[in-house]
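As structure tokens, here come the structures.
Consider the two complexes below, in which chain A is the common component and chain B and chain C are the respective partners.
Up next is the complex of A and B:
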């Protein structure tokens, strides 16, 4: 056993209202500089939709992530020799048109325009060239466009759906969409790190945060292709790749990352997971239908004395172990099995998990009564217990969160429904106790579990949502260099501004 | 006198500049060691420029260096006329590819507004020097045939004399002016190398081949002793 700690995340999609506050908080802190204007380390996508950059999920085109052939794990992009061969021209690189050309507006014209018959306008100006431009796309171009024949229909996850299911997605009466906020998954088998020939992309051993060393990055651009989530971005100005840093300076001072802290819907949870690094390759090369289960399996019980001993032997600190015991992520992912990885079939073993959204069932008013469409049974029961009447096909959710394994998604929904039915029976009382018990049995859970899930979902405090471990890097670093010498010789922080000088 | 300046002082000067500034820059501003790739901004023309350019120029440069480092092997390799023909034709075609590809790259930088806006004066200087140099090289290959052979008896002894610190430019001073310009152009590029994005040429990431895929960096020495240990 090679136990390591990983700062991990859960996003509860049912609570996301699509307000983009997370994106703005992130942008204000990290990406308001030249060269990174188009980079949204945190973005919120509408699903079904084409995402950002456009069609990022289509790995036939982008070749991100890994593939397992005969149980052997290989980068989908190319072999190591292939990397050096293709280094002069990367065929799989998304270009600025797959994102958008960043712009500002000619605001001055509003003040300086000569007097005339018409109101002056502020024309868009490209932030790259400084010239006037036409805006053709933007960071949220398909926001809220569920059901759109241009965006929703071209969602790569719709590909394997049956005609019936497709109709279900796009029929105007049944149109649905939900939001998918995305940041770097800080994978434990990261494609970006593996693809970087310069060794600039790396994973921090102590907390698992994936970073790009700006001094080592040489703009070979393979990380962008290697990451199937397209969460490494190229800074066109400095010639360096940049990515979500999970606000490590905030984490190191005990604060939650900016996007977590600012989340209006309080959908985000952060906590430590312990995992067995010896099994990374085995897990990542599992057969597709077993990937989710394998990924759950690599996560270790923080209360198991054997795991604790192995973790301590590996240098995991007591503070980290303590945080792991209180981790909301552990509860959602391992204990309750409610949170699923996004696209586990990319085989990077992402450490950001999603509780899939409970979408409303199709219902209509009939004779003054609210009836679930096509359900034989009257009343609330079918609305609460029937998955078949959900507006989103299960197959679609399975394509997103369980590599197509519908059983896993169904299991999650049964649990989510059970919590709802149980709490409704208790609080509103229009559902009988038998029905509540039936729902719990279907969800394979106890009343206590349902209560705990309800509490952590609906009523968690700030400290319950974000269990930030004491990273103690300022102590740890003393083992490899003396902070006092370093301060005297080098001063603090970066000594040169990031930009072109030569 | 002029010949001494051009073929003794200039080569030493440019070479020392390249090494000294190159190391200084690597030690003090490692951040700036980047290819400054603009593929993100323009993709289509780059595919016709970048890959052919790099493959052609690297092969040509390799030939230059092999003949320089192991002249005896090179000499025996071209001893049969048929092999000399093949080598000359290959060299000429590669030079043509390099000229074409570099023209594409220059055209791309001139005509694409986004790429033009990330181009510095140093980039233009480098492009101009490279274009002149490959054009001259192509000219030499075309009109001063059997360069694979006479290179061994003119440039090679001169460079060897420079390396041995017993400079003797006699073998190159009598060469035609086009060839001389090609030689000087080469050293001019070595001279500007550390001041431009050309520094990326010396950081080609060959170590990727034997590095494990995953890079894990610990902030402290591990107490764990069994197994391979995390890397």
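Up next is the complex of A and C:
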């Protein structure tokens, strides 16, 4: 056993209102500099939709992540020799048009325009060329465009749906969409790190945060292609790659990352997971349908004395272990099995988990009336069968969160529905106790569990949502350099000229 | 060689007081005799007989030490001379102060004693003695190109010089194109350059690895043949063509190697979808158009 600690995350999609506050918080802190205007380390996309960069999930084009051939893991992008062969020309880079061309507006013109017959306008100006431009796309261009024949219908996840399911997704009155906020997953088997020829991308030992060393980065940009989530970006001004740093300076001072802290829907949870690094390869190369189970398996019980001993032997601090015991992520992912990894088939073993959104119940215009799946006939009973009558095809959710394994998402939904039915029976009283018990049985859970899920979903305190471990970075630093030297302010870019090795 | 022997002989037979001028003579035959005579008439550069009377000693010292600088400054006498001598500038020979002083002393001494000097300077520029072999332009060419090696291990001329008649790619660009060189320096000038190149960039290389007399003869012949031809515009065009063809081949190779690269994603996707929507709209319109036409009738 090689037990390591990972600061990991849960996003409860049912609570996301698509306000983009998280993206803006991140942009204000990290990416309002020259060269990174187009980067959104946190972005919120509408699903079904094509996301940012456009069609990032389509690995036939982008070649991100891993593939397991006869159980052997290999980067989709290229072999080690391929890396050498293609080092001066990376064939799999998104163009800036696939992100979008960042812009500002000619605000000055509003003040300086000469008097005329028309109101002056502020034309858009490219932040790359400085010229006036036509806006063609943006970081959330298909926002709320569920059902769009240009965007939603090109979503890679609808590819394997039946024709009927696909029409249903786009039909008026039956259209549905939800929001998918994305940050770097700080994967356990990161494609970005594996693809980097310069050894600049690395996973921090004490907390598993994945970073790009700005002094070592040589702009080969293989990390950008290697990451299947397209969460490493190239700074055209400094010539270095940058990515979500999980606000490590905030974490080190005990605060939640900015996007977590500012989240309006309070959908975000942060906590420590312990995992067994010896099993990474085995987990990442398991057959597709078993990937989610395997990933749950690599996460270790923080109360198990054996695990604790192994962790301590590995130098995991007591504070970290304590945080792991209170981790909301552990509950959502391992205990309740509610939160699922996004696209586990990319095989990077992402450490950001999603509770899938509840599906709106299927309703139709029937005899000129808006009919919620026979609600009139059977009272509120249809709540129980809302899974069968859900608008969004389960296959779609399975494509997103369980590598196509519908059983796994079904299980999750049964639980979510059970909690709803159970709490409704208790609080509103228009559902009978039998029905509530039936729902619990279907969800394979006890009343206590339903109560706990309800509490952590609907009424969590700030401290329950964010269990930030004491990272004790100052202690870690003391071992290699003087904290007084270190004290000066950090920042982006290279403070020192990169050292040459020849 | 002969000049050196003469210098040794002179040095051995002269009193110690004439040492400086004697040193100057050695320097003269090694560095200056390629282009100048004393009383033997104009070669590449002017005859230096009586030069101490014509020029101020300071001017002469400086001219010998740094002619390139004086030309660059636009010094009037230097500029006039440049025009007078076919625009062949006097090169900076990289002489030390002592060498310059001894040269000036030597020129001074010779200016006063012109009559005595006649036989010697002829020796210095005498064309290479042709032995029992026939000099051949082809051999010269092979030597120039490096297909035949120089006996003493000197690098082939091609490494630094280009010349007409050696193919489209030409030779190196460090030294000047030698196509017209023979015409410029003349037979005896060329001969002495080949025997002991006086140029700063060449002498460190060829002082230790001199060309044999036969090699000199072969090369001289080759250079004289080259002098009558010239690098034609066609050969320059050939080179451009070769370069362009090379570039195209390289481009094709990279295109082939990386043909499965990621091109744009968003724009083609949007264009495809728009076209699809447009098609279905047209189909719809047609259907409606036909029905409404029948209705209006």
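Everything below uses one rule, namely that the second predicted complex is superposed on the first by the 467 of 502 C-alpha atoms of A that agree within 3 Å, B and C clash if a C-alpha of one lies under 4 Å from a C-alpha of the other, contacts with A are read in each partner's own complex, and residues count from 1 in each chain.
Keep this in mind: a residue touches a chain if its C-beta (ideal position, glycine included) is under 8 Å from a C-beta of that chain, and two chains touch if they have at least 3 such contacts.
Computed from a prediction, not measured in an experiment: that's the story for all the values here.
Peer 1: In the superposition on chain A, see if there is space for chain B and chain C together, and answer fit or clash.
Peer 2: Overlaying the two structures gives a clash between chain B and chain C.
Peer 1: Would you check which partner chain A:62 touches, where first means chain B only, second means chain C only, and both and neither mean what they say?
Peer 2: second
Peer 1: For A:277, is the partner it touches chain B (first), chain C (second), both, or none of the two (neither)?
Peer 2: After superposition on chain A, A:277 lies in contact with chain B alone.
Peer 1: Taking the superposition on A as described, I'd like to know which of chain B and chain C A:397 touches: first, second, both or neither.
Peer 2: Touch partners of A:397: none, neither chain B nor chain C.
Peer 1: So in the superposed three-chain picture, is A:4 touching just chain B, just chain C, both, or none of them (first/second/both/neither)?
Peer 2: After superposition on chain A, A:4 lies in contact with chain B alone.
Peer 1: Report the partner of chain A that touches more of its residues: chain B or chain C.
Peer 2: Per-residue touch count on chain A favours B.
Peer 1: Touch test for A:204: chain B only (first), chain C only (second), both, or neither?
Peer 2: first
Peer 1: Which partner does A:192 contact after superposing on A: first (chain B), second (chain C), both, neither?
Peer 2: A:192 sits against neither chain B nor chain C.
Peer 1: Tell me which partner A:95 touches in the superposition: chain B (first), chain C (second), both or neither.
Peer 2: A:95 sits against chain B and chain C alike.
Peer 1: With both complexes overlaid on chain A, does A:409 touch chain B (first), chain C (second), both or neither?
Peer 2: neither
Peer 1: Once the structures are lined up on chain A, find the stretch of chain C hitting chain B; candidates are 95-103, 167-175, 185-193 or 257-265.
Peer 2: 167-175
Peer 1: Indicate the residue numbers of chain A shared between its chain B interface and its chain C interface, in ascending order.
Peer 2: Of chain A, residues 89, 91, 93, 95 contact chain B in one complex and chain C in the other.
Peer 1: Over in the complex, which chain C residues touch chain A? Could you list them?
Peer 2: Residue list for chain C touching chain A: 254, 258, 260-262, 264-267, 269-270, 273-274, 276-277.
Peer 1: Mind listing the chain A positions that touch chain C in their complex?
Peer 2: 50, 53-55, 58, 61-63, 86, 89, 91-95, 97-98, 136-137, 149-150, 153-154
Peer 1: Which stretch or stretches of chain B touch chain A in the complex?
Peer 2: Chain B reaches chain A through residues 25, 29-43, 46-47, 50-51, 53-55, 113-114, 116-118, 120, 122, 195-197, 199-200, 203-209, 211, 213-224, 227, 230.
Peer 1: Report the residues of chain A in contact with chain B in the complex, numbered from low to high.
Peer 2: Against chain B, chain A makes touches at 2, 4, 75, 80-81, 83-84, 87-91, 93, 95-96, 101, 126, 128-131, 189-190, 193-194, 196-199, 201-206, 214-221, 234, 236-240, 277-278, 280, 313-315, 473, 476-477, 479-480, 496, 498, 500-502.
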